[in-house]
Amino acid sequence: MWFASDNTQPAAPEVMAALAGANAGHAASYGADADMARVTAELRAVFEAPEAEVQLVATGTAANALALACLAPPWGAVYCHAEAHVNSDECGAPEFYTAGAKLVPLAGEHGRIDPAALDAALAIGRGASVHNVQPAALSLTNATEAGTVYDPDAVAALVALARPMRLPVHMDGARFANAVAGIGCSPSELSWKAGIDVLTLGGTKDGCLAAEAVIFFDPSRARDFGFRRKRAGHLFSKHRFLAAQIEAWLADGLWLELAARANARAAALGRGLAATPGVTLAHPVEANAVFARWPRGLHKAALAAGAEYHLWDFDATLDGPDDEPLLARLVCGWSTTEAEVATFLAVLSSEME
Amino acid sequence: MWFASDNTQPAAPEVMAALAGANAGHAASYGADADMARVTAELRAVFEAPEAEVQLVATGTAANALALACLAPPWGAVYCHAEAHVNSDECGAPEFYTAGAKLVPLAGEHGRIDPAALDAALAIGRGASVHNVQPAALSLTNATEAGTVYDPDAVAALVALARPMRLPVHMDGARFANAVAGIGCSPSELSWKAGIDVLTLGGTKDGCLAAEAVIFFDPSRARDFGFRRKRAGHLFSKHRFLAAQIEAWLADGLWLELAARANARAAALGRGLAATPGVTLAHPVEANAVFARWPRGLHKAALAAGAEYHLWDFDATLDGPDDEPLLARLVCGWSTTEAEVATFLAVLSSEME
Amino acid sequence: MWFASDNTQPAAPEVMAALAGANAGHAASYGADADMARVTAELRAVFEAPEAEVQLVATGTAANALALACLAPPWGAVYCHAEAHVNSDECGAPEFYTAGAKLVPLAGEHGRIDPAALDAALAIGRGASVHNVQPAALSLTNATEAGTVYDPDAVAALVALARPMRLPVHMDGARFANAVAGIGCSPSELSWKAGIDVLTLGGTKDGCLAAEAVIFFDPSRARDFGFRRKRAGHLFSKHRFLAAQIEAWLADGLWLELAARANARAAALGRGLAATPGVTLAHPVEANAVFARWPRGLHKAALAAGAEYHLWDFDATLDGPDDEPLLARLVCGWSTTEAEVATFLAVLSSEME
Amino acid sequence: MWFASDNTQPAAPEVMAALAGANAGHAASYGADADMARVTAELRAVFEAPEAEVQLVATGTAANALALACLAPPWGAVYCHAEAHVNSDECGAPEFYTAGAKLVPLAGEHGRIDPAALDAALAIGRGASVHNVQPAALSLTNATEAGTVYDPDAVAALVALARPMRLPVHMDGARFANAVAGIGCSPSELSWKAGIDVLTLGGTKDGCLAAEAVIFFDPSRARDFGFRRKRAGHLFSKHRFLAAQIEAWLADGLWLELAARANARAAALGRGLAATPGVTLAHPVEANAVFARWPRGLHKAALAAGAEYHLWDFDATLDGPDDEPLLARLVCGWSTTEAEVATFLAVLSSEME
């Protein structure tokens, strides 16, 4: 019963096979290989964006930070949700890569930026003088840290607020596949057609070992990317092993299939939890994560039964009264089985009886 | 009727005379002069802190940013009021000097950090792992950006929250003289005795041309200061001209006398405004600034009459209905006269009749 | 005939098999997995350093830059060979990670720092005041960029110059395995026993896909490593895939066996080239790379025959007189065959007849 | 007998008077005052550059570092003399302000870059790929750190090497007045007419207290200057005190008159030293500094007689054999008197008898 994170999952067999394939013989280094050319063409096709600039790195934090550094100067302000990964879970990576830009944390329910909060922050930004950081970019996380998604209209609505100020818009798509699969739209509808300028497209949580793409729909924004990546140590010499992962992951829509599977498990888990007495869902289940609260005693039982997941209140512990409700985050991955979900729900139900 | 800022004020005659005095003949450069030795001794005496490390720079932004860089690593979190100068008015200077630390903006009425807000933020910080920025420092602005002050008990109460986490505490004292004069305490009571580790003590707004002291009550924190200052271009070759300003400013308590004069004018202005029909004070008047709201029509009249001050809502303009109330900030300085205050109040009153 | 770089080589079959093994089932993320515990124990054993702190990243540039950032403050001076990878081939990565430290380029034949050059630079450093960058670290590359090695005595001689100034010493060991194999010493003799404080141990060029270890023999130097790595985006979520590579690479001395194979090919290539009329070796062949000069006409023939290698003079081209000698770099890897070497030598010889 | 540095000199009386004048009444802050408008107009006139962007700061290190940060990206290479102030005496300020650019130190006699050394370095730069720092700017120091000058032809010759690579050219003019006065050319001839894009024009060493101008002859290069200056804490609130210094310093050619006076004293000192038995000039005397060698015993006598100057070999001390020659730097300022020079020469001569 592994619900700790999608990054505890194994890689998909197709991806492993591609690695082995890429290892046959020599290949040009640093992305000059044939694999990378194919990946670029494939991503352009998948996103219906023939001009897009495509680059690969190995981690989502690097992808996000490099992307933001291409958008925001050191004196820039980047607007994002307070709980966005870039703001809360990257140990200051965007600040490091931008040489000190400021992330402006915004409120919003269920992990989604409240348009009114963005509007208010931008209004302050419009009055910026030399004494203030300058509005530089908007960053959206999709799927969000709360397991919800922005649909194309929700993205477009936020973009519409940023556009009059000419702010480029970044999407942290560590779970973009889950968002697309959850909504049922096309990749382009949820990205450039909704106004996204730069997308970090995550493979690692969705069946790769360690591979993320940064897609600049406005290729002029990518001008410095190569220098920034190299000087950050994120240009792989044996780059083909990044390319091979993404190539296999995209082939025949595997990436969306894996995400849909994870989403389906989360949906089942969410439905089951919602039907379990004493359990309350904290957020709508729209991608591959479930956030729910139930009493501490029940957590003890679930964990004792071998379930792996995180208590999500930053200071929650198993010490305390058994009836106090505690928030849990449960993440499903491509390899989560129906049986795991069923067993977990059964453990909870049996305890509640 | 100059109420635009304390930095539009002239320097005090005593300070100007000291500059002329320091210009007689040659002097050793970079702070090795006799003036600096005297300033160090004098500041230690004034603050009853014989071990304190004292350094001078020319601007408050430099003083703050250098001080914070001595406290917070690049992956550090600095807790401060959302409206603190370091967060809102320094174009990201702390981020620049710390190589990317994160300022955590906190709420609180009248420019003062709400202890509950600090407590909540620190609670999150206590749970920090390698994925998160690490709690590094608390920064208080005193007098605040709202013209209020923290008294020693208020400082100590916030420090008490930070101490269990071993956070050093910085005070942005660009208007520290006004705070001390307003409270009527001693400089030590409002600084190290209340738990402050590093104070940036502002002279520029209180009668100097451009001179600020950074006082490390815990001298071990100052270890890197010299390198940071030099590499930022803030080590003056003709350093005696900084030292001479501070020396004259401290002599015979001039610094507190000047601040008290500015505070007295602000108090009179505040009382007058509170008594003026249609005018509402936005914050208590505790130092040298007054924040008040009155109708746009009255602003037009005051500005037309030659008053100099800023509308303080970031997006306020004179275009709009005459009866809409707009927030003004009025700052008094050491050279503000009783007549200026009286004239200004008279203009407003006459318009309200 | 692939002699372009050791990073065009495939990964060793044992490493590929380990990846597949690591993919069986779930695993804790971010290095909390069992693989990493085994790798740590194994590296400590191999280096006879039971206290060493061990961390993994995916690229050599990241390993070097993170290591140096743990040694040098932003105002530090890092002494290195002018042609060192950290100085010449990382697009300023050390400057990025250290927030602006200065690399002091030193001369020396055959890629090795001339002790007299180091001594002269350190003498200047000893006189450093607040106006100067402060001596912070010595960085040695072993094997060097010229295909030569420092033996333990040569390392110790340079360390002896740095020790009186308490400078920590870093070794860029992207080809450390080749150096150890070339010298026939133990890993500890070429590292901490010779005075190295931090070693970046390269797996990528020696049979891994993308895996490097940073070994802090003085673990106190590693205090900030975790924060720096995370905020640089180099902490892998599926960290087991890094650990698995290194584990397989170390097992049964595979790493030294692969390096010895590459070295043997380079030695044969060097001997053959030295015996070829018109060819001159530029550096002694002590590891897995050969630098030699021969006439442009012969380069044309070799490249036309399908040989892959780089002209090494930064501005060398095939345009020009056929008899002008041009420098080539030829790198052998674990998978370079005797036949490749023989064929290459035969092409050259037949052209010279 | 003060020859320690031009920064031990007092400010000129005209500058002190201007400060007092600027202190009359209130003034708009942050450079929005009338003084700054006049300074801008005056500098444009003096330099025959009606489009130039003019900004003021208080120190030469800040001026240089801000200027270079406007020219070089973090992955840029800045070519300069190895002994240039920006490379050797600013504790890494350019690296700090540029977020990690690399200064490429070049050789050259008497403090002037050898064109062949620049040419060789640029040739390497022309071959730069993503693995290398990118050629970004050329920086010349005039007058040089060796007390020599580049005349307009010498500047133009170096610029001619940089132009095909589109490198902007910076001049560190901490002693630009001395260079202009020494050559007898116009300010424009030694700056933009010779190809300089950005000049840092030093007032501090030539009669100001602390004031430097940064002049962008290509104003498009100044786009980010304001943000960089503010976030570095170098935007003065009481900016008029910077402007007043420069205004008085420029008035009626005072700046060149003061520099000419300093140069004349240095010339006399140099002639006298050259005629003193046992003394050897190390560099031609072309501005306001003299570098000469004479025996240690004679240094002891001169210092005992009250002369103030620096031994210039980084490790020179008074301990050692009396007959060993040691290098001295002697700097004259606007207030150095003929009598000081004569007395100093007499001390040396009497000792040599």
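Note that the chains take the letters A, B, C and D in the order they are written out, and that residue 1 is the start of every chain.
Criterion: contacts are C-beta pairs under 8 Å (C-beta built on N, C-alpha and C of every residue); 3 or more make two chains touch, one makes a residue touch a chain.
On a predicted model such as this, the values are computed, not experimentally measured, just so you know.
J.: Any chains in contact with both chain A and chain D?
T.: B, C
J.: Compute the distance, rounded to whole Å, between the mean C-alpha positions of chain A and chain B.
T.: 41
J.: Would you mind pulling out the distance in Å between where the CA atoms of chain B average out and where those of chain D do?
T.: The answer is 34 Å.
J.: Averaging over Cα atoms per chain, report the distance between chain B and chain C in Å.
T.: 52
J.: Quick check: what residues of chain A touch more than one other chain, meaning two or more?
T.: 74-75, 90-92, 95-96, 99-100, 130-131, 227, 230-231, 235
J.: Building nodes from the protein chains and edges from chain pairs that touch, which of line, ring, star, complete or other describes the result?
T.: complete
J.: Which bits of chain A are touching chain B when the two form their complex?
T.: So the residues of chain A in touch with chain B come to 74-75, 88-92, 95-96, 98-103, 105, 123-124, 126-127, 130-133, 314-315.
J.: Inside the complex, what are the residues of chain D that reach chain B?
T.: Going by the criterion above, the answer is residues 2, 4-5, 7-11, 16, 19-20, 23-29, 57-66, 90-93, 95-96, 204-205, 209-210, 227, 230-238, 241, 308.
J.: What residues of chain B sit close enough to touch chain C in their complex?
T.: Per the stated touch rule, the residues are 30, 73-75, 99-100, 130-131, 134, 224, 226-228, 230-231, 235.
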